[in-house]
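Take a look at the structures below.
The same chain A turns up in both complexes below, where it pairs with chain B and then with chain C.
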Partner chain A sequence: MKQMRDKCAIAGIGQTEYLVNSGRDSFSLALEAITNAVEDAGINVKDIDGILKYSVDSSSSVEMIAANLGLPNVTYWGETFFGGGSGCSAVTQAVMAVASGMANCVVVYRSFTPYDFMQGAVHNSTTLWARASGSGDFLRPFGWTAMMDVFSMMTQRHMHEYGTTNAQLGAIAVAARKHAAMNPNAIRRDPLTLEDYYDSPFTTEPLRELDSAISPCDGAAAVIVTSAERARDLKQTPAYIRACAQVLGIPKTTLWWEQLPFKFDFPETQSAYVAPRLFEMADMTPQDIDVAQIYDCYTYTLLTQLEDYGFCKKGEGGAFVENGRIELGGELPVNTHGGHLSEAYIHGFNHIVEGVRQVRGTSTAQVQDAETVLVTGGVPAPTAALILRK
Partner chain B sequence: MSEYKKPIPKVNEMTKGHWDGCKNHELRIQRCSCCETYCHPPQPMCAKCNSTAMEWHPVEGKGTVYSYIICRNTSVGEFPARGFTYPYATVMIELDGVEGVRIASNLVDCELEDIKIGMPVSVVFEKINDDITLPKFRPL
Partner chain C sequence: MKQMRDKCAIAGIGQTEYLVNSGRDSFSLALEAITNAVEDAGINVKDIDGILKYSVDSSSSVEMIAANLGLPNVTYWGETFFGGGSGCSAVTQAVMAVASGMANCVVVYRSFTPYDFMQGAVHNSTTLWARASGSGDFLRPFGWTAMMDVFSMMTQRHMHEYGTTNAQLGAIAVAARKHAAMNPNAIRRDPLTLEDYYDSPFTTEPLRELDSAISPCDGAAAVIVTSAERARDLKQTPAYIRACAQVLGIPKTTLWWEQLPFKFDFPETQSAYVAPRLFEMADMTPQDIDVAQIYDCYTYTLLTQLEDYGFCKKGEGGAFVENGRIELGGELPVNTHGGHLSEAYIHGFNHIVEGVRQVRGTSTAQVQDAETVLVTGGVPAPTAALILRK
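Moving on to the complex of A and B:
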């Protein structure tokens, strides 16, 4: 994969307002984020010749995007599934398209509304994993209803094996809120203390409401991926894609939700398999990363990835997040936009946009002299990650 | 008997062997008849040797609590668990002698505050209707 190192860059970023119960449809949100990204990049919209949709639902198809933008010459398109893990995977496909010459200017987007993500899955059952496979029938009769149940199960086991505490999870929620308070686009900006966190009710113990992503919320985000040469001629400071890597499944943790609750294990989440490929492609180590945008559908997801991407040893994620280490000014500022916990839940795509801002030096919680940014997708699920650099 | 309001599993070709076993008070886990690797939930192909000769193998039904959650409220953005009274616990049981197999269930005769990871449990069967019996677990 080294031949793709630094070959492409993110030249434009766009997003919508992040809202709760806006009633807006995902298609118009997608078009708005894409046109904002086009304007940000300073390109002509007709220059787009590749489209990649990142999805878990049926919203906003690539044909309809092309038809509405009036794109005459789309030579590459695709879709990555597995909402949560695959935002960086969609960007990876765009890099492959540009590096191979299949396309020159690729827009990648995620549009997220609760209707598409939650109610859109109702015809299968109350949640996503209970599909026709019958696996859901081994869960729901026992009171399993939600994604959160998987993460709470893992959190409980992590606490048992490594002594991780609620206070450590709370430190993640507090850090996210501090960053969100600086970000006018964030949905949750009220100050949050560890005491407030403790007062937040358990939903699925050991996780609380404040351990969870903002849900439901509406919004979309998009990026423009093009060649490094072209990006240098455009309006913005390029965010070079130093490395990209992805993995569908691994021996123990296996694949998507249907099987996941039965097979989660330590220390192997998919991130632990992405990390070596990613850092090898980048010719970097975790110590070279200045700031990280780490997928945080729950506080626990962020904690386990700090371990899996090698910022600390397995089991030491809890200690790592203490004492402001992941806050602005700390050793490794994480989720400087506020993350899913406090900015918005756009399935990791807002993390990519924030990663680009850090490289450009335009974040509302800018890390001084930031040059390298890690951006990750969710686990446990098919996942991917990027290293962006100045 | 009062009406049962919790979700009842739908039985299909892939899962029938498991539910038939429960009806006969026998916990059955899918096993590859070629390499004897166990698999749960069931799937058509053995992920180890790629055989499609999968069979149903009775297991003793003893195990330990691998992890558990206490559902106290509807999860953010989700629907309430149908028929359950909050709070309740869902457990993931690691079965003895069936390497790598875990099964979701509920504990019977156990208070929420007494649940501990690693506690030994044994299967009991709870008849829901003429077609479905659920495997539950009781602390040993």
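Moving on to the complex of A and C:
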């Protein structure tokens, strides 16, 4: 792995408008985001010879993407599972493709519409989990049928074990909204106070509507990955990929993640497995990170990843997010675009794009002198993460 | 790419029984094939830290595969599109993973049941093609709705342009059956003469039932890819991966493959794009190939690939397959397991397993002193190919 450190860079970023009920299909959104990334990088679209995408996706096949972009010669394409972990995972595979000479210029994208979300729901439902653990039959009769039910139970358990509070979850939602307010592309930009947060109805207690990603919404984002050498000759400041890793680690028991909250020791998410591998590849520690874009399908997943990536100890995520520590100007600004909670839910990919902006110094909530950015994928499923640097 | 030459090897192969209407699900078939490959390689199943699969697949997610095998730490997983091109494509990506240090021991598999076939049909239907070219609306009213319709038109065109005959297509079916007769795992083992072939009803003229893969059928196959160094210390003779390539090249026009037969110049399949890249990476020519496992969803796809990979000139595929040239004992034995036509339709993956057997010297139709084996993926879609060697 270490041989890939700093060998590649993100040379272009692109996105569409992020909207609720845009009426657009994911294919045209994908093409628009890719075209924008190509323009941003200052390359010719025909230079693209690699394509990477999420496997749970309705934006059409790589073949159709290639045909519609008019790519003459694609020598690498791949897809990657699982949901929110797929973004950083796909970028990781783009690095492998460039580093191994399979392709020179890889586009990685995510186009996301309610239809994809439905597809994801089918693939990731407890029905599927039940095939591994046989537990679905015991959970569904008691109302545990949706993704949010899993996360609410994990959140509840965190509160029980460590005294995490509603106010701490709320602080995450408030921080995201502050950043989104500066970002003209964010869907939710209205001011948000902790009181507003408390007024938000529970969807599955203790999680409220405002603890959740904006879903469903429509949009697409894309990046161009190429060699560090080539990136230096292109239009933009390269965001070097210092480290990249994907991990699917099985927790101490063979129980699967819908059962994690029932375990005697507190649930680890897959990010706890990715973190050591990532920092080892980077030859860095959490203290080297200037700004983090952390996957936030729910406020809780952001909180737990702060622990898993070593910004604080296990159980201290709640205290960590207090007093503006994760806001612009704080010790570790997190999700400076507004994240899934307030910018848009592009399944982790808008976090990657924002990570690049921070490295370039062009974020709407720019962290002064930011040099090193952590970007993470969804948890507790198999996931991946990146460290980008100037 | 060249830096990956001979860096990896297939160290283990596994398969299930191949059956029609087995009543088994693709998940259990996948686990059985993987377990057999692990045993064949003589490794501990927990050594597996990479998983690669087809993206059009119902055998469950990598997460479920990992959980059910009890894998403690998977550091790479990926998926690859398109249908029959996915097998060699996934092995190519396993090579990238091992060569770049992302994983040390990668399992690649295909589990195929009628359900997957249906899924594939949905994904690959003319409905989807129509999104790229807008041509579906003009084709379907005239009855062009199924995969076979595309291939029959291409076959017809080949006959028209080059004088290819029914007897030549029949020779391919007969050769496959001769090899299958020696293979106890083959589904179709009854003797087959050219007369029997002529008695086979047309499904879409000029293609007959016996021009087609056995479909649907049930089965799974798997291989273990690891470093050449490690493979040497394991139980079996390593099948070194001399070269691997995947290519999605757009033909001279922007027309897509359902339109290929209408082009003025004769259709190229994607294998015409893969071949030069593959042989360049191998530093070999077609003359170096001792035996070939060529994707044969239809007799025609085998015929056209003989041309595309340079075993004969364009238009001479028909003459090439005559007089036992592709049978055991001939100049270039092809599909020594019986192929999709007579062993089973495992979507290209049984061809990879047979390629390894030829390198090991353990095929039921063993080619004497075979050292170098070509394995190809499906065409005319985006595809991939491998060269394996002793």
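The working rule: the second predicted complex is superposed on the first by the 350 of 390 C-alpha atoms of A that agree within 3 Å, B and C clash if a C-alpha of one lies under 4 Å from a C-alpha of the other, contacts with A are read in each partner's own complex, and residues count from 1 in each chain.
Please note the rule applied: contacts are C-beta pairs under 8 Å (C-beta built on N, C-alpha and C of every residue); 3 or more make two chains touch, one makes a residue touch a chain.
Owing to the predicted nature of the structure, the values given are computational and were not obtained by experimental measurement.
Asks: Of the two partner chains, chain B (first) and chain C (second), which one does A:Phe142 touch, if any: first, second, both, or neither?
Replies: The answer is first: A:Phe142 touches chain B but not chain C.
Asks: With both complexes superposed on chain A, which partner does A:Thr203 reach: first (chain B), second (chain C), both or neither?
Replies: Only chain B; A:Thr203 stays clear of chain C.
Asks: Considering only touches as defined above, state whether A:Gln93 meets chain B (first), chain C (second), both or neither.
Replies: Second partner only.
Asks: Quick check for you: in the superposed arrangement, does A:Thr75 touch first (chain B), second (chain C), both or neither?
Replies: In the superposition, A:Thr75 contacts chain C only.
Asks: Could you list which residues of chain A make contact with chain B in one structure and with chain C in the other?
Replies: Residues 133, 254, which sit in both footprints.
Asks: Hey, which residues of chain B end up touching chain A in the complex?
Replies: Chain B reaches chain A through residues 6-12, 14-15, 18, 40-43, 47, 66-82, 84, 87-88, 90-92, 100-106, 117-118, 134.
Asks: Write out the stretch or stretches of chain C touching chain A in their complex.
Replies: 1-4, 27, 55, 60-64, 66-68, 70-82, 89, 92-93, 96-97, 99-102, 123, 128, 131-133, 245-250, 254, 256, 273, 277, 381-382
Asks: In their shared complex, at which residues does chain A touch chain B?
Replies: Where chain A meets chain B, its residues are 114, 118, 126-127, 133-135, 137-149, 152-154, 156-157, 160, 201-206, 209, 212-213, 215-216, 252, 254, 258-259, 261-263.
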